[in-house]
Every structure is written in C-alpha cells, then in structure tokens.
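In what comes next, chain A is part of two complexes: it sits with chain B in the first one and with chain C in the second one.
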Partner chain A sequence: MQPILSVHNLNKYYGNQVGCKNMNLTLYPGEVVGVVGESGSGKTTFINSISGNLIPDSGKILIETGNETIDFLEISESLKRLLIRTELAFVHQNPRDGLRLDVSAGGNISERLMSIGQRNYGNIRQTIFKWLDKVEIDKSRADDFPRTFSGGMLQRLQIAKNLVTSPKIIFMDEPTGGLDVSVQAKILDLLRKLVRELNLSVVIVSHDLAVIRLLADKIIVMKNGEAVESGLCDQVLDDPQHSYTQLLVSSVLQV
Partner chain B sequence: MNNVLKFKNKKNTVAAQDEIYNFAYLDENTKRMIRRALIKALCIPGYQVPFSSREMPMPYGWGTGGVQVTSSCLTTDDVIKVIDQGADDTTNAVSIRNFFKKTANIKTTEKTSQASIIQTRHRIPEEKLKEKQILVYQVPIPEPLAFLEPRYQETKKMHALSEYGIMHVKLYEDITKNGHIETAYAYPVKTNDRYIMDPSPIPKFDNPKMNNNPAIQLFGAGREQRIYAIPPYTEVTSLDFEDYPFDPSKAPHKCSICGSNESFLDEIITDDDGNRSFICSDTNYCNQRMENN
Partner chain C sequence: MIELNKITKKFTLHNQGKTNILVFNNLNLKINPGEIVALTGPSGVGKSSILKMIYGNYVFQSGQIKINNHNIDHTYPRNIIELRKNIIGYVSQFLRVIPRVPTIEIVMEPLLEINSDQDEVREKAEKILLKLNIDKNLWNLSPLTFSGGEQQRVNVARGLIRNYPCLLLDEPTASLDSVNKDIVLNLINEKKDSGSSIIGIFHDEYSRKYLNAREIDITKISDAK
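Presenting the complex of A and B:
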C-alpha cells in the first residue's frame, strides 16, 4: 500500500526563528498520525505547512489521489486550491475560523457539496440532515445560525462541514482545545467514532497526550521545531526513548 | 462589433458640435483606453475588466460608468436611446440623453428599434434587440461575490478558479428561508458557461433576454471602475437548483394602459384613496402598442 501523504525534510522559518525543521511524516489510508509537543514546539507551523495554509521554505510533500501522485509544493495555485476544497479538509481549533457565521448551519455544510457541483436542493438537504445526525446535532437546528450554537456544537458543525465531501486527508489543529473538559471528551468520542466508521486518514495536532493516545496510530513528538521521536503510538508511549518524551509521558499519563 | 471597433477620427466629428467639448465629452485617449477594456471584456464574456474611470459631470451612482462606455462607443451616425427603469422620460434618462445631444450632437430616439445604442438603468427593453445594436447597462456593484468577500484580490482568485460554491449557498439560504428563491433583482448569471456575473439590478424577468441576444451587451461601473460584456449570441444562464429551477415570472397582472400581459409592470398608486394599478415599465413598448391599436 502507498502512503496517501508523505512529507520529506520540511522546513519553515519565521525570519531567523525556527517554525519547524527537518520534519518527516508518512500517512497511510485509514491511519491517524498525531503530532504532540509543548506550546511553541512548532505543531501548528507544521500542520499549516503541509495542508496549504502556509508555504514552507523547503521540503517535499507528496499526495496520492488514487490516480496520480501530486507534488503539493510544485503545483499551480489553482490546482492547490482545488485540492484544498475537494481532497483535503482542515478543522481549526477555533470553529469560528472554519465556519461562515452569517450562513445557517445547513448552509455551512452545503458549501463543499455545491462547490463540487451538487445542484439538487432536496438531496443536499438530506445530506445535511445525515451529517448533523452523524455529529450529534439535532436536525431541527439545521436552519439556525452558528452564533446560536455552543462551543462544542460549533466544533461538531465544523467537523461536519469538513467531512461532508469525504475528503482524502483531514488535518486537525487542537480540535478539542478551548473547550470545557466534559465537552472535550464528547468531541473526542465523536472523532474516534467517525475515524473508525469512515476509515478517515487524519493528521491531528495536540499538546494533550491523552488526545493523541486515544485517536492516533502513529505519533510524532516535537520540541523546539523538531521531531525528537516518532513511531507507533503505543510503542512510543509505552516505551519512550527520548528524554523529552519520557518527561511528557510521566507527567501527563499518570494523572 | 462594428460600432465598438469603429474608432473615431477626430477630424470628421467637429461639424456642428459644441466647440467646448471633444466629441462625446471624453478625450480620445480615454476613449481608446475604455475601448481596449471593452474589447477585452467582449473576448472574455462576463469577466470584469478594470478601467480607470474619469470624473464625469454627474455624481457616481448616476450612470457614470454607463456614460463613459456609451461615449467611447458613439459615432456621429449613432442614434441613442436612454432609459431609466424602462422609462425614457424620467429626469435621469432625460439628462443623460441631453448630455449626449449636447456633447456629441447626435440623434436621439425613444424607439427601441431605431436606436443603435441604448443606455439603460435596471431594465432590458421588451422589444427584441437586433444585431448591431448595443445595450449599455449602468452598474452600481459589478462584483457578484462582493456580499461574501470584500477583498478584490480574493474575488479575482475565486473567479479565476471558478470557486463559485458560495453563490449556491446564497440560493440555498434563500430557499431554506422563503421556500423558494426570493432574489428578484440582480439575479446572478453564468456567462458562456464560465464567469458568474451580476446582471446589474434588472428584474429577474429580464434575465432570459440576456441569453443568446443578437445585440452587444456592455456593462459599465463608474465608481467601481469595472467593465464587462456579453458578446452577441452568448449563452447566459441564471443560477438555480435542479429541483428549484430559475423562474423568471412576474406578477400576474395586465398593463392597465395597453393591456399587455407579457411585459414587466410597475405598480402605481392611482388616486388619493390608494387604489393601485399596473402599467408597463417600458414606456416605449406601451406607447407603441397604443399607437398600433
């Protein structure tokens, strides 16, 4: 099997400041790769650089669409934007960054459908209801505006909006950050359910090891912009090799 | 195309016009610049071409874009008609017509069929246009994506990449809220199966007339400094859904003057008791019907 996404020697600097350096990643279909590290370690820089939100300074990103291998940093802006709105999805930490607040919940979910050419209102409505159901939002809220939603509901709506067209790769930056602990747990449950049911291929960033342990198959541990350790999630967390990972594991997982 | 391409030679236009003005007010360099924009616009139907709008002796919002386009197309043997919401006799239409009479000394008409150039605000004449006629629209807001995205560079990209999903989101919201597509004016269209275009605030009733029209259709937005165009016989379709198809219908009334039930009607209050009636918004169409009866 071929990886759906592979990243080689990726570097991103902000002037002289390291954002992330010498990063590598391999994501196979149906796999979840978690990126973990303390605040400022470069997680957001990395995920933004491999999803088209930021342009890295150097490196290579290959995306397998099924028909061809796309050299993501070499393709035209137009192809890149097309890919971003069809094959890729990005779930932001703050759902307000990923939603249109002046468009109804259903309208938000409909956008990707219509941008790939769906033109049947009735079918689109049905798909919206189906996805609201999947993310556990009551159908009756379809026509309400996001501003009337709680933080957890907004995040679930953002997830539905992104998954509705079955994108090949889903990027998530701290999808449970900024939420109450009880709400976080519910979103995590939901994500775990969706990942299993839909066999999603995901790169997820979190500073919370528990989140990564729950969702990820593989893990990359970052510190000061670099990967200090990576491998199968269970292996790395059960038998951390790098002292920083050991510190992370001992401080977080005992709780 | 002939009229647009017939570049004026200064020497033979001097004849009887007011000496103070260059023919049709604008200087020849400006006209050349606008004609270039027009030709580019005709080559890429529905694409908005930036142009550098000139100060005109009328405020923005009063048709400065349309007037500059018309000026740049005019030749000495043109016959011009100006309508505002379909009527030849409103203050605005009269003043623009007088402007061209004075600065270009050309013939004017109210008859749609006799005009070689028709400048319009908010309507397309009822009478079918012909080849070699030019319809010039006055446009307040040329960008159909402006409601969503105020940044010019971003809308430019969206057009370039046909990122038009959001246009249907707008229609989706409309149906969801109202049970049908409520948009009745400035109803968005796709031109030549490529660019989404704002047809200016004409009623959706007029949208089908843009499609496959033998005349040249030019759109000028003065304040926003954009020109766009539909060449003759170009496909223009109104956005819709399969199960909510575009419906150009109008209020089911007859004109109380000429009796037409095919023309677009204005609702007017006829007396102090607030009684209402409907009359053709296209005054020339209505008058012609009365004369022929």
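Presenting the complex of A and C:
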C-alpha cells in the first residue's frame, strides 16, 4: 500500500521565528494521524502548511491520487485551488471560518458539489438531506442560515460541508475545541463513524490527548516547532520515550 | 506463533530524576499454535508488560518479537496497525468505553475491519453476547454504566468475536462469577483448538488448570528480576 500523503523535511519560518521545522509525516489511506503539543508548539502552522493554507519555506509534499503522484508545492495555483476544493478538505476549529454564514446550510453543503460539476438540483438536494441526516441535523433546517445554529450544530455542518465530495485527505484543526463535553462526544462519535464508513484519511490537530487517543492511529508530538516523538498512537501515549511526551502524558488529569 | 528473542525492556522516567527501571533482560519466550501460555509471578514483575510489548503498545530496547514471522518494528507503525488488524487480538483488563457507542457496536467493531456485511457481523455479535449472558436489553446501551463483570464480558466478546492467529489475554476472567468464568474459559479453549497461539494472565489457579495452560514464571525467564 502507498501512502496517500507524505511530507518530507517541511520548514516554515515567520521571519527568524520558527513556525515548524524538519517535519515529516506519512498518511496511509484510512489512517488517522494526530498532531499534539502545547499552545505555540507549531501544530497549526504545520497543518496549515501541508493543506495549502500557508506556503512553507522548504520541503516536499506528495499527494497520491490513485493514478499519479502530485508534488503539491510545485503545481500551478489553479490546480492547487481545484485540489483544495475537491480532494482535500479542511475542518477549522471555529466553524465560522469554514462556513458561509450568509448562505443557507444546504447552500454551504452544495458548494463543493457544484465545484466538482454537479448541476442537477434534485440530486444536490438529495445529497444535502443525506448529509444533514448523517451529521444529525434535522432536514427542516436545510434552508436556514447557519447563524441560527448552535456551536455544535455549526461544527457538524462544517464537517458535512467538507465531506460531501468524499475528499481523499481531511485536515482538522481542533475540531472539538470550544465545545462542551456532551457536544464534543457527539462530534467524536460522528468522526469515528465517518472515518470507518468512508475510509477517510485524516490529519487532526488537538491539544486534547483523549481526543487523539480515541481517533488517531499514529501520533506526532510537537514542541517548539519540531517533532520530538512520533509513532503508533497508543504506544507513544502509553510508553512515551521523550521527556516532553512523558511530561505531557503525566499532566493529564484523571477523571 | 509468537516468539520473543533476547528482549530487553526498560523504562526511563526523564522527569523523575531520570530513574531507570530494567524490567526484562534477555527474555525469551515462544508460544506455539494451539497452545496456551499462562504468565505467572508476583504483581509488578511485568506480566502485562509482556503482552503490551507483543501488541506493540510498549517498545523494547533490544531483541526481537515475531508474530507469525512478522517483526514488531516500531519504525514502521503501519505494519503494527496491519498486524493488529489481521493477526493479533488483545483482550485488555478493562473495557475502554467510548461515550455514546452502544454495546453491540463495540462488539461488532473488530469484525467490521475485515467483513463489511453489517447484518452478518451483527448476527455474530448477538450470538456471542447471548453466549456471554449479556441481557438483550443492554445491547443498544453504552456499557458506561454496566457492572464490572458486564463490562468485562463485553470486552471479552469484542476480543473473541474473531479468530485471531495470536491472542493476548490480560485477566479476562478477573471479575466474573463462576458460571460466566467457565463460559469465557470455554470460548478461549475453542480458540486454542482452532489453532491460535494464546498467551495470557490468569489470576487464579482454577482458570490456568481449566485451560490446561503451560505456566511460565517470568522471574525464571528473564535475568532482570
């Protein structure tokens, strides 16, 4: 099996300031890779740099589409935009960053469908209903504006909006941040289900180790812009080798 | 077949004065297909650690672990993920409950990895839950509020729903009454008869004898303790 995404020696600086340095990642189809670390460790810079939101200073990003390998940093801007609208998806921590608030919920979901060329109103409408149902939002809300939705609903809508075109790779930056725990449980359960059902390949950033343990197969632990440890998720959390990972794991409160 | 050759395992606690704890030195162990090995020895001697190393959950500093001739190699996490999907089953001591996920789905999960026929998998899950005396009314509930014994049986159902060539059991009968204990032990015997290599920790003499297990005292196979 070939990795669907591989990142080699990626660097991103803000002036003299390190954003992330010497980062590597291998993501296989159906796999979830978690990126953890404290605030300011470079998690978000890293995920933004590999998803097209930021332009890294150096490194290589290879995406396997099935028939060809795309060198993500070398392709034209228009092809990159197309990929971002179709094969890649990005779920933001704040759903308001990933949704159009002055477009109906259904309109938000249909945007990506239209960008891959779907034009039949009836079909699009059906797909919208199917996805609202998947993320447990009542069909009757399809024509409402997202601004009338609760935080948890907005996040589920953002997930539906991103997954509707079955993207190959999904990036998530703290998808459950800022949600209360019962809503968080609902979203985590939803994500777990979708990962299995649709065989999704995901890179997820979170500072919450419990979230990562639940979702991820592999893990990267970041500190000061660098990966200090990486490997099998449960192994790194249960038998951490680096002093920083040991500190991180032992700092979690037991409920 | 499970083979451990010359395993060294130590824990280095960087934030606690760089304390080094040597758990195993030159540990050797082999479990043949159709055989059950029961690890014995006082608490803290590293019984669970052996299972965790075989499962890839703990790293080891030197030596070799082979599962049906595949190496456990942490530089390739993907390989360990594949081994867990296809070859190694693990029944942990405690069920890791996920909020909102009903019992039946927890049990179905490992089988869905290799069989996408929802109805067929559900049927098998129902069968094993019935066998383990989990009340039908509980199947669609999250095991979060179940008793210790019920949670353990759900965990066993999840671990034994498939026929793994290698099976790791960490006190699978610890909090069960005698009736349910025998049911679980019979299930384990069935796995043995079907050719699985099984290694486990069983706290009571009764279970080890019932399974006709080869007992191995860890203090005698490692130089560390």
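By our rule, the second predicted complex is superposed on the first by the 252 of 255 C-alpha atoms of A that agree within 3 Å, B and C clash if a C-alpha of one lies under 4 Å from a C-alpha of the other, contacts with A are read in each partner's own complex, and residues count from 1 in each chain.
Assume a contact is a pair of C-beta atoms (placed from the backbone, for glycine too) under 8 Å apart; a residue touches a chain by one contact, two chains touch by 3 or more.
Model, not experiment: these values are computed from the prediction.
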item	value
Touching partner for A:124 - first (chain B), second (chain C), both, neither	first
Chain B versus chain C as contact partner of A:152, first or second or both or neither	neither
Contacts of A:19 with chain B and chain C, given as first, second, both or neither	neither
Contacts of A:42 with chain B and chain C, given as first, second, both or neither	neither
Which superposed partner A:110 touches (first chain B, second chain C, both, neither)	first
Partner chain(s) touched by A:31 [first = chain B, second = chain C, both, neither]	second
First, second, both or neither for A:82, with chain B first and chain C second	first
Partner chain in contact with A:95 - chain B first, chain C second, else both or neither	neither
Overlap of the chain B and chain C footprints on chain A, listed as residue numbers	none
Contact footprint of chain C on chain A as seen in their complex	1, 26, 28, 31, 185-186, 188-189, 192, 196, 214, 217-218, 231-232, 234-235, 238-239, 241-243, 246-247, 250
Sites on chain C touched by chain A in the complex	11-15, 52, 56-59, 74, 77-78, 80-81, 98-101, 112
Sites on chain A touched by chain B in the complex	77-78, 81-82, 85, 100, 103-104, 106-107, 110-116, 119-122, 124, 142-143
In the complex with chain A, residue positions of chain B that touch it	157, 160-161, 163-166, 168-169, 172-173, 175-177, 240-244
